[in-house]
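In what follows, chain A forms one complex with chain B and a second complex with chain C.
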Partner chain A sequence: MLRYLLSRLLRAVLTIAAVVTFAFVVLRLSGDPALLIMSVDAPPEAVEAFRAAWGLDRPVWEQYLRYFVQVAQGNLGQSMRDGRPALTVVMERVPETLALTLPAFAMKLLIGIPAGIYAALNRNRLADRLTMVISVAGFTVPSFVLALILVLIFAVNLGWLPSGGAESWRHAILPVITLGLSGAAILARFTRSAMLEVLGQPYIRAASAKGLPWRRVVTDHALPNAAIPTVTIIGFMVGSLVAGAVVVESVFSWPGVGRLLVVAVSNRDLAIVQTILLLVAMTMVCANLIVDMLYGWIDPRLRTARAAGG
Partner chain B sequence: MGALVALSGLTVDFDTGKRMVRALHGVDLSVARGEAVGLVGESGSGKSVTWLAVLGLLGGRARIGGSVLLDGTELVGAPVRVLEAVRGKRIAMIFQDPASSLNPVHRIGRQIGEALALHRGLTGAAARAETLRLLDRVGIPAAARRLDDYPHQLSGGQNQRVMIAMALAGEPDLLIADEPTTALDATIQAQILALLGELRRDGNMAMVLISHDLGVVAENCDRVAVMYAGRIVEEASAERLFGAPQHPYTQGLLDALPDLDGPRRRLAAIPGTVPEPTRLPPGCAFAPRCPRAEAACAAAVPAFRMLTPGHRAACLKPAPYGATVRERAVA
Partner chain C sequence: MSPQDAAAATLPAPAEAGRGRASIVRLLEAWPPAVLLALVWIAGMLLVALFADSLAPYSFTALDLRARLSPPVFMGGDWRHILGSDELGRDVLSRLIVSIRMSALIAFGATIISAVLGTSLGLLAAHFRGRIEQVVLALVDFQASMPFLIIALSVLAFFGNALPLFIALMGFHGWERYARIARGLTIAANEQGYASAVRQLGAGPARIYGLHVLPNIASTLIVTMTLTFPEIILLESGLSFLGLGVQPPMTSLGNMVGYGREYITRAPWIMLSPAATIVLTTLSISLVGDWLRDRLDPTLR
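Up next, the complex of A and B:
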């Protein structure tokens, strides 16, 4: 088990290293940083001095190594807009984004999973069809459309809630609902199909044949098995906690990481873009790691395979 | 001696959404206490459906008609609570594929303990001790170490032993063994069947052995019923059914088996295939494949005839075995 854990950790580190390398390559491909920062008609001596100051006159591999060491030390460069460290600028925004994505995540779980289970247990009945129609609507409508519809109803027509900004908790309600609804719809579908798959398994019939009441067949035998595929999709959702709200933050003018990304891209503020990229990669990798751990906890078959060094 | 379980006119219809499809066309069968009854037929003939219907395990799309009396209590249309009290406690069932009939995420000790808690109110140390005794009884070596294993850590034969232990947990009056050895190796098959026979005699437990394997049924049952397309077509004591079958389908099944003694001969397959439940002929369902069929056979479903006491066949032209297919096949 420890060996397995170490191998997963090593893989996670390698993934991050690959992302860092990718960021480096993209940065170099996007043009000569000296010319990007200095104006095109700057005197050649000034450009040379800039290159020397930033190490841009060194061989590429040396630049790469240096860059790698810097990233490892948490030095991700300065924002070109205000000269502050990029990491500081991005980290300031993370709590803002989490203020939306965490409640939305809870909403996805609390609505999506029970809805999926309910639909599966009532397969092909009206309750199932209705749940699935709502679910399909929930994840086919793009989030910006849903956001606008919600704004139209609750902000413009009813005037109950603000349409944008981040002054109070009331400002968070509409963006959270927008994020939560589509996620809940996806999760409901996943949970439903996972449950249907499990309910068709011979051990479910065998558990009923044993004399267990249906409710206990569902809770003790079906749910633990249906959790295995459902955890995968929940893992994706955890992975998108930091940067999964780009569109919604933009629509609701919410000052989170997503909006920062949009602004940084349009300003070519590469240090910021790169920092966000790394942050997203880190959360994805961490989420994957957590999912892997959960799999082992839920599914004894995997545990055995891993103990055997698989 | 009254019957422990008496099925009469048992029907099952499946609601396919568009229409009802009849899978079971009125099955009459009874099982006495301690008796071993074999139920033989090809896949899809309704062997498993019959007993799943008895226990109400066919799900919401099945409509069940007729009557099932368990010690005089009607099970068809009985409330779920009544059925739940019967399942595992009075009538237990084991299935074809033991590995997938056990829950992969629970330890086997827990799965057996669940049945003990349910039917005998045993929990904690008492349940653990009884689980050990049961595992030991069904021949699992080093049972104490196996208790905390998961099904995937056991072989197919051991999983079937665990299933049997689980079935025994409720001390049932009747055990339905639905193709219990089909998924197992031949040597393990014999062991499992021997174990079932032993347990049955020790506990005076009745058993219904569902199988498509005539040999398995011949060796392990007192009485045998042959099913075809959702009906029983012949029923007799095992000795008589295999010695003097009268229904052409039973005879066809026997002809398809090799003889261990006697002359070498080409095995005779029954021509054609089992009709789809949606496309049953109006008369005898076997008539299209029957060497003895005549016009009357296609007109109406033949009723049962008592040929000798305890031997009945649903055939208009029952004939002694050997006079027909076998002689032709040898010639």
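Up next, the complex of A and C:
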């Protein structure tokens, strides 16, 4: 078990290193940073001085190592727009994004999982068909279209809710519903197929055959086993809490990380983009680690297999 | 006509009717109406994309300043602009047709890139095993652990945007799935009789994989294509909607929804027809994909 966790931890560190390398390579490939920041007609001496100051006249591998050290120290450069440290600018926006993604996450779990379980237990009945139709719609309607339809109905026609901004909790309702509905649809579909797979297993028939009430069969045998694949997709949703709202934040002009990213990309504010990239990578890696640990906890097969086989 | 003749003529009839009904039921089970409709819609979209220039009633950039924001026919407009016009008097139908072509071009280009890239890497990993396989698997893990939208946005920020680059970038979406599937199935195929039989006969790797292994694993890869294709459409339209994908004066479906959103109260038709096209197209491909999966590959999910 410990070895299993250690290998997962190593893998997490490697993923972070890969993302940092990706950022470094892309940053260097995209052109000379000196010319990018200084402007093309700057005097050559000034460009040379800038290169020396930032270590750009050093060999590439040394720049690469320096870059790693800087990132590890949390020094991610300054935002080109207001000159403040990029990490501060991004961190300011995180609570705003969480204010949308956390309630949406709760909504996904509370609607998606029960709907998926219910559909699987009533396979091919009306409720199942209906859940699947809604779920396919949730999967194929892009979030910006869903958002605009909600705006058209609740803000433009009915006038009940504001169409954008972040002044009060009422401004959060439409974005949260947009995020929650599409996530719930995906989760319902996933939970249903996980449940159906488990319900077809011989141990379910064995449990009913020995006279266990159906309710007990479901709660004691089907649900715990169906939880294993479902945890993976939930882990992915946890990982996207920080930056999973790029499109929705932009539609509703919500001042979160996603909106910041879109503005930074169109202004080519590279320090901000790079900081968000690393932040997302960290979140995803942490979420995956938690999922791996949960696996060890809910799936005893994994524990014994790893302990025996290494 | 004798009674026997009449009986002989009428006797087979009920049985035939029964068989007829059964065959209709079987036909409907094999070709569900929803899938047929989806196929018709996809074929229509392909025709529109292929013949966009001759179908569009106006040039997609032509201005008609006297008919700005004119409503579509079904909302009380006239027949000159069937789906209405936008804030510069450009014909929405013409722009929609050209946008369908652009979105189809990007989605096809990107799907092919992603399938070829992923399948080749998967085959390489399965053929060489060892260190090459580890590198490919590490790349797969990296790609699968990051939300692709964020990677795409950072690449766009660093490199700027041009159409070939944008198509290539979209081609990096989903390659890891082809790589995983191709690797797994090829390893399995290499252990089966037919692959080693061809190898014993002296065939080189290109012949073994190209002529024997690939056709055997193709159905699973095609099903994967029907899953990634609508995702690429959604990704492209999402980025274009944010103003970071296809750039004006070119237009794509997401692009149209993006600027139509400014006129959502005064002229909702600018965004409604491209939005409906996106939804119907992705829905159709998903339906066809599910149906193909059931027919070609019962082991998937």
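As a working rule, the second predicted complex is superposed on the first by the 308 of 310 C-alpha atoms of A that agree within 3 Å, B and C clash if a C-alpha of one lies under 4 Å from a C-alpha of the other, contacts with A are read in each partner's own complex, and residues count from 1 in each chain.
Here is the rule we use: a residue touches a chain if its C-beta (ideal position, glycine included) is under 8 Å from a C-beta of that chain, and two chains touch if they have at least 3 such contacts.
In this text, all values refer to a predicted model and were calculated from it rather than measured experimentally.
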Combined model on chain A where chain B meets chain C, clash or fit: fit
Partner chain in contact with A:205 - chain B first, chain C second, else both or neither: first
Chain B versus chain C as contact partner of A:213, first or second or both or neither: first
Chain B versus chain C as contact partner of A:262, first or second or both or neither: second
Per-residue touch tally on chain A - higher for chain B or for chain C: C
Partner chain(s) touched by A:288 [first = chain B, second = chain C, both, neither]: second
First (chain B), second (chain C), both or neither touched by A:298: first
Inter-chain angle, chain B to chain C through the CA centre of chain A, in degrees rounded to a multiple of 10: 70
Per-pair minimum CA distance [chain C against chain B, superposed on A] in Å: 8
Set intersection of chain A contacts, chain C complex versus chain B complex: none
Chain B residues within the chain A interface of the complex: 17, 52, 55, 57, 80, 84-89, 92-93, 95, 97, 100-107, 114-115, 118-119, 150, 152-153, 163, 166, 170
For the chain A and chain B complex, residues of the former touching the latter: 124, 201-203, 205-214, 220-221, 224-225, 298-301, 304
Touching residues (chain side chain A, partner chain C) in the complex: 11, 14-15, 18-19, 22-23, 26-27, 29-30, 136-137, 139-145, 148-149, 151-152, 156, 193, 239-240, 243-244, 246-247, 250-251, 261-262, 264-266, 268-270, 273-274, 276-277, 280-281, 284-285, 288
Contact footprint of chain A on chain C as seen in their complex: 138, 141-142, 145-147, 149-151, 153-160, 230, 234, 237-238, 241-244, 254, 257-258, 261, 264-265, 268, 271, 275, 278-279, 282-283, 286-287, 301
